[in-house]
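Shared between the two complexes below is chain A, which has chain B as its partner in the first and chain C in the second.
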Partner chain A sequence: MGKFLVRRLVNYVVLIMLATTFAYLLAATTLSPRVNYEERSPRPTEEQVDQRLDELNLNDKTPLAERWVVWASGVAKGDFGKTVTGTPVNDEIERRVWVSLRLIIVGTVLGSVIGVAVGAYAAVKQYRLFDKASTAGAFFVLAVPAVVIALSLQVFATMFNQAVGAQVFVYNGEGTLGLEAGFWGTLWDRLKHMILPTLALALAQFAAFSRYQRNMMLDVLGSDFVRTARAKGLNRRDALLKHALRTALIPTVTYFTFTFGVMMAGTTFTEKIYNWNGMGSWVVDSIVTNDVHAVAAVSCFMAVCIMAASFLSDILYAWLDPRVRVS
Partner chain B sequence: MTGTEIQTSAAVEQRNGSAPVLEVSDLHVTFPGEGKGPDIRAVRGVGYSLRRGEILGIVGESGSGKSVSSLAAMGLLPDHARVTGSIRLHGEELLGLDDRRMSAKRGETISMIFQDPLSGLTPVYAVGDQIAEAVRVHNPAVSKAEAADRAVELLELVGIPNPAQRYRAFPHEFSGGMRQRVMIAIAIANGPDVIICDEPTTALDVTIQAQILEVLKTAQRETGAAIVMITHDLGVVAGLVDRMLVMYAGRPVEIGAVDDVYYRTRMPYTMGLLGSVPRLDDEEKAPLIPIRGNPPSLSALPSGCPFAPRCPLAIDACSEAEPELQPVGAEGHAAACVRTGEIEEHGWSAADVYPLPEASGAGSGQPPREYRETVLDVDGLVKHHPLMKGAVFKRRVGTVYAVDGISFEIAEGETLGLVGESGCGKSSTLMEILSLRTPQSGKVTVLGRESGRAGHRERFEIRRDVQVVFQDPMSSLDPRMQVFDVVAEPLRTHRHPRAGLRARVNELLTLVGLDPAHAARYPQEFSGGQRQRIGIARALALKPKLLVLDEPVSALDVSIQAGVINLLDDLKAELGLSYLFVAHDLSVVRHIADRVAVMYLGRIVEIGAADSLFSAPAHPYTQALLSAIPVPDPEKERTRSPIVLEGDLPSPASPPSGCRFRPRCPKFRTLSTAEQQACVDTEPGLNAVSQDDHGAACHYAEKRTVV
Partner chain C sequence: MSMSAEHAALEADPGHGGADEVRVSGRWVNVLRQMLATRRVIVGLACIVLLTAMAWIGPLFNPWEFGERDYSAFLQPPSPDHLWGTDDTGRDIFVNTMVGLQKSIVIGILVAVLSTFIAAVVGAFAGYFLGVTDRVLMWITDLALVLPSFLILAILYPALRDKGWVVFVILLAAFMWMVTSKMVRGMTISLKEREYVLAAHYMGVPAWRIIFRHIIPNMSSLLVVDATINVSAAIITETSLSYFGFGVQPPDVSLGSLIAAGSRSATTHPWLFVFCTGLLVVLVLAVNLIGDGLRDALDPQSKHRS
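Presenting the complex of A and B:
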């Protein structure tokens, strides 16, 4: 099994390198940092611009291959180059990466765990009220674009705040600027800011997972081994948890990788809408400012996240399914 | 106070073995119809009582309510099922107990073994842990280690070799037979008083069935439990049970001591069942006695006797009211039929009651096979499959020797039965023959034309001469095509003149005993037996010379199966067909085949005329196979002792050296070391064991009677 995981890991590293390179090449050929200088007044001379762009390794007059070699050798040493304004990309990553990871990790864990629980319970209560309600809810969330969900949550929060006359929900930024409230106060402030964007992300995860888990669970509910478990004396709840759900989790784990990719895309506009300075909003800004290296860095980050999720689901899969472990 | 007294006296009675352990009376189970559909009345008035150590057989065709009535006793029916009546375990009423109280009984006092062992174990837990779980769920005080020790003991008891190591194995590493052993271990883990076995061997090969029946007997000895043995196989019950209950359309129709029911049958349906089974111990080939028609729908039962539409004895009185079980003859024998008295008085048997189909005179008047044309000649046929590993980059890690050099030929008008355990290479052989491609090695000659040598046109021609009928009638018929089109399809492909098409299809449908007026219906509107007839009609459309039949009747109930077998017999005589008949049911093969080839691990180990091979098999494997088949005759069955083969069929990827049957061969063990050497070193070839062309691949072949 160890060998299997190592092989998988090597595959992932190669995939990350390919994805990042591809993103760099795409960004470097379509984005033009030179344009940024055209609107300056006084407009700098072409030599000045060239000189500046050469410093940043962004000069389109240098052959692409040459620029790529410089960039790639930097990345290999852990240096993602400079932004269009000349600040190190690494500094920016450091500032933003935890902002995004906080959202992604909490959103994923909440969404998938609740989704699995609700889906499994709905399957047990097939066609009853709980099942119908959760099905309706999940389909609603799936049918509405994630942007709309994020925006409507904001609208609801505003209405709620107005109704109770207090700032219960906050939906702008990661925290209150310049707040001096000590450790606990700051933590509470951060939490309050987190609720809505996390919910926006978690909802989509939840919807996908609850549908999927419900179907997987329905497949095993009538199966012979659950009947065997009950025939040996397990009560209904134990048979469902220890035998049905345990088996029905296996396919869901592979599904995890798939939904995770969709969620990563969701983080970009969620961060934008809630005004979070994370990796997602950065990529949107960078495209506007023709920031080639920033785009490449964010792509690399996303690739790493997705591969990490895949690897995690590989591990979970091998852990849950002895058939993989044994062979 | 009185309650305690009653309980005490009940307990005393219990110990004396006089009080019933399980008492079912007037059990009814109804599944409410979906939407506005009619209710399904699956069980109607089942009752029996079971004493300590007693074995009760419940037989009946599929859908007769056997499983549902037992699941009711276990409290495992779906919530929407309506259950009424009474089920008492040690005098305590089980119906109406809540899940917690019922769970305490399940697996502790009453346990159940199910039909399909492949899906019966949870795939993600080690088999030992699943047994230990059964121990601990009823005895929370037992530590994990103690439960594991007990599980190893149980594994040993049910005959799993190296139980301590195999404890850690997962279900997918076990064969079907071994998984069924684990299921038995789970069922007996807490020494229950009642074990319900729902067709525990139906999904298994006969050799494994014999093993499992032995294990069940051991289990009963260990626990002293009463057993309810549900089966559709009248052979299995014959030798095993004390009393039996016959079910039809949810009703018990005959109950009694096993000898009374078999030899002094008092209910026409039971007679029909017994008359329709092909028997291994039948020397002469009389046509089987099918029961006409099909069981009624449980949601639209006829008033009166549910068997009336199929019963040859039906009179007007039968449709007035549903007959109740009435005592007849010996004590405890009862039958539900208005004419029981007459049957008893005249001593009627199946042969008197059922109109005997005329014998088709097949085989009579044919020249000896040497003078007949050879329809199919298979010479040294080989089919090896590569054994692959790896998900993305597949690499070859071995070879599956599915078919490893087999030879046989089929003469015109002859039926060759190909038999053997599942996985021995029967289907691979068929597929190779049907593909008409050049085999990896060896030669296949169909009607004088060698496969692989033929051009495109010629192959098209051969195709019409060789047709196939598959096991599962439903999956081999396109559900969106009307029966007319199903049968007409091959005719159209082979450019049958349009003008005569309808007439030809009608002719074919009539030939297989279907009503041409039903040609516009869809396959799902027909019953299993009728669908198989449609499959046969389609196969006959192009007037083939050779029909390849892959388990054509194994999905059918006996009473229906008999009709299809008779049809095949008649067609052969009428149309001069040859059959290559693959089946695992040797009784059916004995009935239909002229010659038989027995396969083991990709090789033919014995081949010969059916009479010669069945009455005196010479290869130890054939002997074991035949002796493992129970015959539906209680007296005979009690005196027989099956040769129980050890272990499973080895993997065809690594056949043993020398004689492939050696690791399981009972004869090998009786040989001296010097004699054994031959078995270890050289693979035996097929050698004649008598003047006729009966051959066996064993160094020490010796004819023996085992049936």
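Presenting the complex of A and C:
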């Protein structure tokens, strides 16, 4: 088992390295940081631009292989180079990861917990009104792309604000810039900024998890061990909660782990629409600003997250489900 | 899967089970009957047909051409003159949305068919030959899974934008086949031990023909369901990319680029936003309903869930 895991990990590391290199080469050949300097006034001379780009290791006049060697030797030491503005990419990652985490933790946990509860209850009440309503709701939300969810919430918030005549919902940025309101004031301000993007994330998660949990629960409800639990005299509630739900939660937990990893850099739309400067919005920002090193760093980060997520969810599954462990 | 369906067909048709003539209705006839008995599929199909008819026939009855500007009506709300209003350059929203809808439907279907085809071929070859072929193909699959597709598409497509939207279809499909191909590989490994495959093999049928004649057709139910689900996935990806300006480029329009244009003034001029968003949601919902119903009709295990 240990040897198998190590081999898989090595395989993952190689895949991540390749993916990052591919992203770097693609970005370095198609994006042109030189363009960023052309619109400045006064327009810098070509020598100045060359000098600046050389400092950043982004000069397209240097052969690609040479630039790649400099970049790769930096990455090998854990340094992802500099952004187009000259700040270290590593600092930027650190800052953005926290922004994204704040959003994702609350959003996914909220969405999945409510989704699991609703899905499990719907399975118990199969074909009743609650089941039909929740299924219809989940189907509807699943058909709405993340972009549209985020935008629609924004539109509703704006209309609500206009109707009330006060700024109840805020939907721009992580916090008010230059706000001085003490600790509690700042916290409140941050919370207010979090509500809508978190809701946008949680809604989509809710729909996915409630569908998933309902199916898992229905598979379990008809099984022998639940019948046995009832037959040995457990009341319905205990049999459902302790025997059925617990078993049906195993695949959901692994699904959650996987989703969380994928979300780490996959909240591009929500972050971008609500102007949060997290990892997700960096995907778009780095391309728009021709930031080659940032593109490579984001790709690496996403690859690591996806790999870690699938690895962890596999291990977790084997750990939680004895049937998998045996085979 | 196919055996159980035939078995079900036998059981469902006891009346014709004479002593020497057992009539089994064909698998697809059976599936079709089951599908049509599901209300979800009917609703979904009706929506799709309606939307398709609207997208292609609707503009014919509209007095305004695509790209035509009405200089007497900028940003006008819906009126008898312009059914769904006009945008800030006087273009008719109805025609714009219909053309965008056409593009979204076409892109969705093409991408789904293409990506499912790639998945079937890659997965079947990897599962049939195993060994080195399998290693190499699965390794490529893993690499494609790890690459952040949105980022790659967003960088690549603008570089190739003058090649037109067909390139966009190919690029989208190139990043959607991986998961299915892994499933196909798993099924192929078990299918290749079946007698009919072995018989074909011993009769000297070349491997590629076994794959295309015996293996892939026997997974058709999985592939059909997958293709249907991919249609909505492709439409959503296309919308998202186009929203950020990385997808369909002007003068072409798609639902995504229309939503992007309309979202900026959604509160002040709702008609720019509401119609394209609503159509998109209905389109994806309809496709999802069909996919879900199909999966239930084809997979006997999921019967009790619907």
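FYI, the second predicted complex is superposed on the first by the 267 of 327 C-alpha atoms of A that agree within 3 Å, B and C clash if a C-alpha of one lies under 4 Å from a C-alpha of the other, contacts with A are read in each partner's own complex, and residues count from 1 in each chain.
Quick note on the criterion: contacts are C-beta pairs under 8 Å (C-beta built on N, C-alpha and C of every residue); 3 or more make two chains touch, one makes a residue touch a chain.
Just so it is clear, the structure is predicted and the values come from calculations on it, not from any experiment.
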Give one of first, second, both or neither to describe whether A:323 is in contact with chain B, with chain C, with both, or with none.
-> first
Classify the contacts of A:227 with the two partner chains as first (chain B alone), second (chain C alone), both, or neither.
-> first
Report for A:307: first if it touches chain B alone, second if chain C alone, otherwise both or neither.
-> second
Partner chain(s) touched by A:284 [first = chain B, second = chain C, both, neither] | second
See if chain A has more residues touched by chain B or by chain C, and give me that chain.
-> C
Which chain A residues contact chain B in one complex and chain C in the other?
-> none
Please name which positions on chain A make contact with chain B in the complex.
-> 223-225, 227-236, 238, 243, 246-247, 250, 320-323, 326
Which chain C residues qualify as touching chain A in the complex?
-> 142-143, 145-148, 150-152, 154-156, 159, 232, 236, 239-240, 243-244, 246, 256, 259, 263, 266-267, 273, 277, 280-281, 284-285, 288-289, 292, 302, 304-305
Touching residues on chain A, where the partner in the complex is chain C = 11, 15-16, 18-19, 22-23, 26-27, 30-31, 139-140, 142-148, 151-152, 154-155, 158-159, 162, 214-215, 218-219, 222, 265, 268-269, 272, 283-284, 287, 295, 298-299, 302-303, 306-307
Where on chain B is chain A touching in the complex?
-> 74, 76, 99-100, 103-108, 111-112, 114, 116, 119-126, 133-134, 137-138, 170, 172-173, 183, 186-187, 189-190
